[in-house]
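Presented sequentially are two complexes of chain A, the first with chain B as partner and the second with chain C.
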Partner chain A sequence: MRVVAVAQNTLRESVRDRVLYVLLFFAAATILGSKAVGRISIGQDIKIVKDFSLASLSLFGVLVAIFVGTNLVYKEIDKKTLYTILARPMHRWEFVLGKFCGLLALLALVTLGMACVSVAYVYILGGTVTVTYGYAVILIFAKLAVVTALALTLSTVTAPVVGAIMAFCLYLLGHATGIFLDLPPQLKGSFTETLFRVLYYVIPNLSNFDIRAEAANDVPVAFGYVFWALGYGLGWTCFFLILAVLAFEDKDV
Partner chain B sequence: MTAIHAEQLTKVYGGTLTRKAPSLANLTLQIERNEIFGFLGRNGAGKTTTIKLFCSLIKPTSGQGYIFGQSIYDRTARRFLGYLPEQPYFYEYLTPRETLDFYGRLQGLSAKERAHEWDRLSELLDLRDIADQRIRGFSKGMRQRVGFAVALVGDPPLLILDEPMSGLDPVGRRQIRELILRLKEQGKTVFFSSHVLSDVEQICDRVGILAKGTLIRTGSLEELVGMKVEIVEVVAAGVPEAIREQLTGTARSVQHQGETTAFSFDSVASANTALKALTQSGGTILSVTPLRETLEDYFMKELERALGKPVGAAEENE
Partner chain C sequence: MRDAERRLGLGIAALLCFAVAVMAQRTLDRNYFRNTGDELLYLPSERLLTHFTAGFDSVLADLLWIQCIQYVAKEAKGERGFTWLRHMLELVTRLDPYFVDAYRYGGIFLAALKADDRASLSLLERGMERNPDAWALPYEAAMVYLLNRRDWSQSRVLASHYLAMSAATGRAPAYVVDVAAKLQGQYDLIPIEEEMWATLAHQGQGFMREMAQQKLKEVEVRKACRILTSHVQRYRREVGKDPETLHDLVARGYLAALPSAPLPGEFIIDTNGEVKHTFLVEEQIREALEVLRNAIQTFHQTYGEYPKNLDELVRAKILQVIPPHPLAAKMWTYDPERGMVE
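What follows is the complex of A and B.
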């Protein structure tokens, strides 16, 4: 009940924020503008539109997750709105979980809205989408859940600017973990190799959520893989949420 | 059962290496039910720290606190309290109606109970005209009314108010004083911090004085300030010179201007003797004013004693 109240309030706050609409405008403009890029590659325009749509959906979703997420708890402490909330008979984890669910609900709406716009656009251009496109959208959302949980954790321990920089660095590293195991032969057995191997396991591999190329080219993806990737995302999301709750539990506000 | 019970409550901010002087040291205090308790101290004395400890916004370094018998570590203790922070902040994009509904949900109230709470509190705090306006454009007084309404959601028996009169105009302060007295009539316990001593003097049953994180005095106003008359001022007209000179020996001071003479006496007895002499000599008594020590006098005296130096020279520590 209290989690839902905090979540609904977070969603309402975000929906009433004009910055969201600016981001949505740019996301929609990118999707609609992708046709212009598609013209350069003859016969590939639908593929380009699909690829661009999924890329912009991912990028703008991550921007919202990082910039709103790193502000979520910090802003409440800074503006002192938290005082009257935590003085109520609620657990602190309820507040953290409520903030997370509120932002995730917003991202679900944004993702769904943009996905609908992109699918409609593809059909208007005479193309079609397969179930892989739907899987790609779902996995992007799973990735956004991981990034949101990470941003929320950082929001409980650091200022938004520092948090956003850290979250963005981890996001980039998360997309590059594949190369951590694919090092040049001269590094074999070195400390660097060990370090990268450790990094490979302690940073979420966000490439696991990326089936954009398959979706753009209508290549089938096994449901088993999607299911596994969702589980992987759920695991990391829970891990970051537990960290956020632990960091916030004894924090003086 | 007491409304608030603190036992050796201590708060030291900072980590092991960055540890500062205690913001609150060994606070032991009991607030009875249906009492209005004023918590006094200069800025940085530890008033807000104490309030934050009672509301579980910060964790004590040591000691224990209880709200109606429940430990402050236990979230159920917060069922019994309503909190109004200094300069309350709420979500600017919400209206008072939405704000009260939100806090009602956090309190665990059903939709029907929340609707009832809105009716009750919008009436009590005169919120109906601003019910659907966003808080963003509200004045300090309007925000304070919303803040009070939020603190009263769920009808808690204890109200903890941090500087509730701060920044309000005289009308606003008077409204808050009347509201606090009305809440006491309804059986509530009110604990509030303030540095506006005249407000405290008018409504508190008991006060506590805090200096540099240490509670230096608690008691009722009578206990602290006492009813003892310190000075009696007598103003008379047409006092013969002989009587004036005679009374100069017993009066603390004599000021003569035109037809009127003002005497001040150290005791009621010497003032009575003087009044007899003045009336027998044909003088006219214009006024008799017994002067008692004010809470402000007492507060300054205790503060200087605790700090060991004149208050003007005392350092701010927060």
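What follows is the complex of A and C.
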């Protein structure tokens, strides 16, 4: 119940954040403007609208998760509002979980809203979407959950700017983990190969959540893949949340 | 009031600053135009690029595809080198392996504009592997065999094989089955080619439509050449010698008037009695040279040296036949030192 109360407050507070509306404006502009890009693509306008819609869903969602997420706990400490909250009979883990759930609820609203706009736009332009498009939106949301948990963890240990930079770097690295397995043959069997293989598993592989090419081209994706990707996302989200709780419990406030 | 005036003044100042920025940009573009052709040189390898797109592979593929179309349109109206076309298509399809139209139209660009049938088939085959349900890819591969490799001994068999693959997807339109039937029954490729370009001219947009319309004009001129050649042969049989010019056909009443071609250039009688059109001859020379240069390049990459003569390309199985010079009395000149063919 206390978690829900914190989550509700966080959602209310995040909705008031002006950064959110700036990002939403750019997301909507990208989705609606993608038709203009598609005009010079030899009949690929619907595919391009789908591609740009899913990309803006992902990009602007990540920006919201990072910029709002890295501020979540830090702002409470900075404004000293945290003391009044912690003075109540509330565990610190409840506070962290509430913050996370609040931001995730905001991201769910943003993702759902933008997905509805993009699907409506595709239909208005005469295109259709398949179930893969729905899967792609769900996996984007799963990715946002991982990034939010990561941002929240960083919010408990660093200042927002440093946290945002670190989260963004990890986000980029998370899409490039494939390179750790794509090594030149001369490294086969070496220590470097072992090290890179370890890194491959230590850094969250965010490309697991990208089935946007399949969605834009109406290529079917097995439900099993979506299921396991969601499981992967859940694993990493819980991992980061536990780290956030541990860091926050050790924090001297 | 004063505050409103101040705000209005600031608004006007902002607009003026914007106007200055636009003017400066226009001046830079007009007077300091930088050739952007070389920027393609810095496109990274497709193997590396996929790791550093931050998950935006398909959006990058779209943007690169649009740049690719602009590049093709620019080259088609300019130098016709298409140096970076293959690399760009590799990048687009590596970033978005399900982008069927990039394989399809890319294959057409490579075959019809760059005359690189090998690259076109390689791209289309890769597309077929990733998109086995796409009827258009085997259909375009069949067209490459029929149009670019028409002189190859197995071209019809392989084209039939690809057309069967296309029909087997269960999604191919009726004309694909018609082409397969025509291929079985007759050996005239002009109607098949005409149908292919007519379909693209009808379905395509922008540059693709322009290209298909241009190709249709070429087909029309080829048909006119064929009719004129039959008149020249008749003239030869009845008069006992070749006409000196095509006007002789009109003078003798074989033709009411010379046909007007929808392309620049003129009809000429080749030394073997065939009627040709100068525009098509130039196009054929360019395409044949492109085929030869690509083959020489492949030979050089494989063996580390240039072939000693052009026949070596056939012996190395890079080409099945050396494309003949479109003018009967002329031959290709080849420099084995530099690997240059003219």
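One rule holds for everything that comes next: the second predicted complex is superposed on the first by the 250 of 253 C-alpha atoms of A that agree within 3 Å, B and C clash if a C-alpha of one lies under 4 Å from a C-alpha of the other, contacts with A are read in each partner's own complex, and residues count from 1 in each chain.
In this section, a residue touches a chain if its C-beta (ideal position, glycine included) is under 8 Å from a C-beta of that chain, and two chains touch if they have at least 3 such contacts.
Bear in mind that the values here come from a model prediction, so they are computed numbers and not experimental data.
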item	value
When chain B and chain C are modelled together on chain A, clash or fit	fit
Which of chain B and chain C A:F52 touches, first, second, both or neither	second
Touched partner set for A:K35, first chain B, second chain C, both or neither	neither
Which superposed partner A:K75 touches (first chain B, second chain C, both, neither)	neither
Touching partner for A:A5 - first (chain B), second (chain C), both, neither	first
First (chain B), second (chain C), both or neither touched by A:L86	first
Angle, in degrees and to the nearest 10, that opens at chain A between the C-alpha centres of chain B and chain C	150
Distance of closest approach, chain C and chain B, by C-alpha atoms in Å	24
Residues of chain A at both interfaces, chain B in one complex, chain C in the other	none
Contact footprint of chain A on chain B as seen in their complex	13, 52, 55-59, 75-79, 81, 83-85, 87-91, 93-94, 102-103, 105-108, 147, 150-151
Chain B-touching residues of chain A, taken from the complex the two chains share	1-2, 4-6, 9, 12-13, 16, 79-91, 250, 252-253
Of chain A, residues touching chain C in the complex	37, 40-44, 47-48, 51-52, 54-55, 58-59, 171-172, 175-176, 178-179, 182, 206-207, 209-210, 212-214, 216-217, 219
Sites on chain C touched by chain A in the complex	47, 50-59, 61-63, 65-66, 69-70, 95-101, 105, 131, 203-208
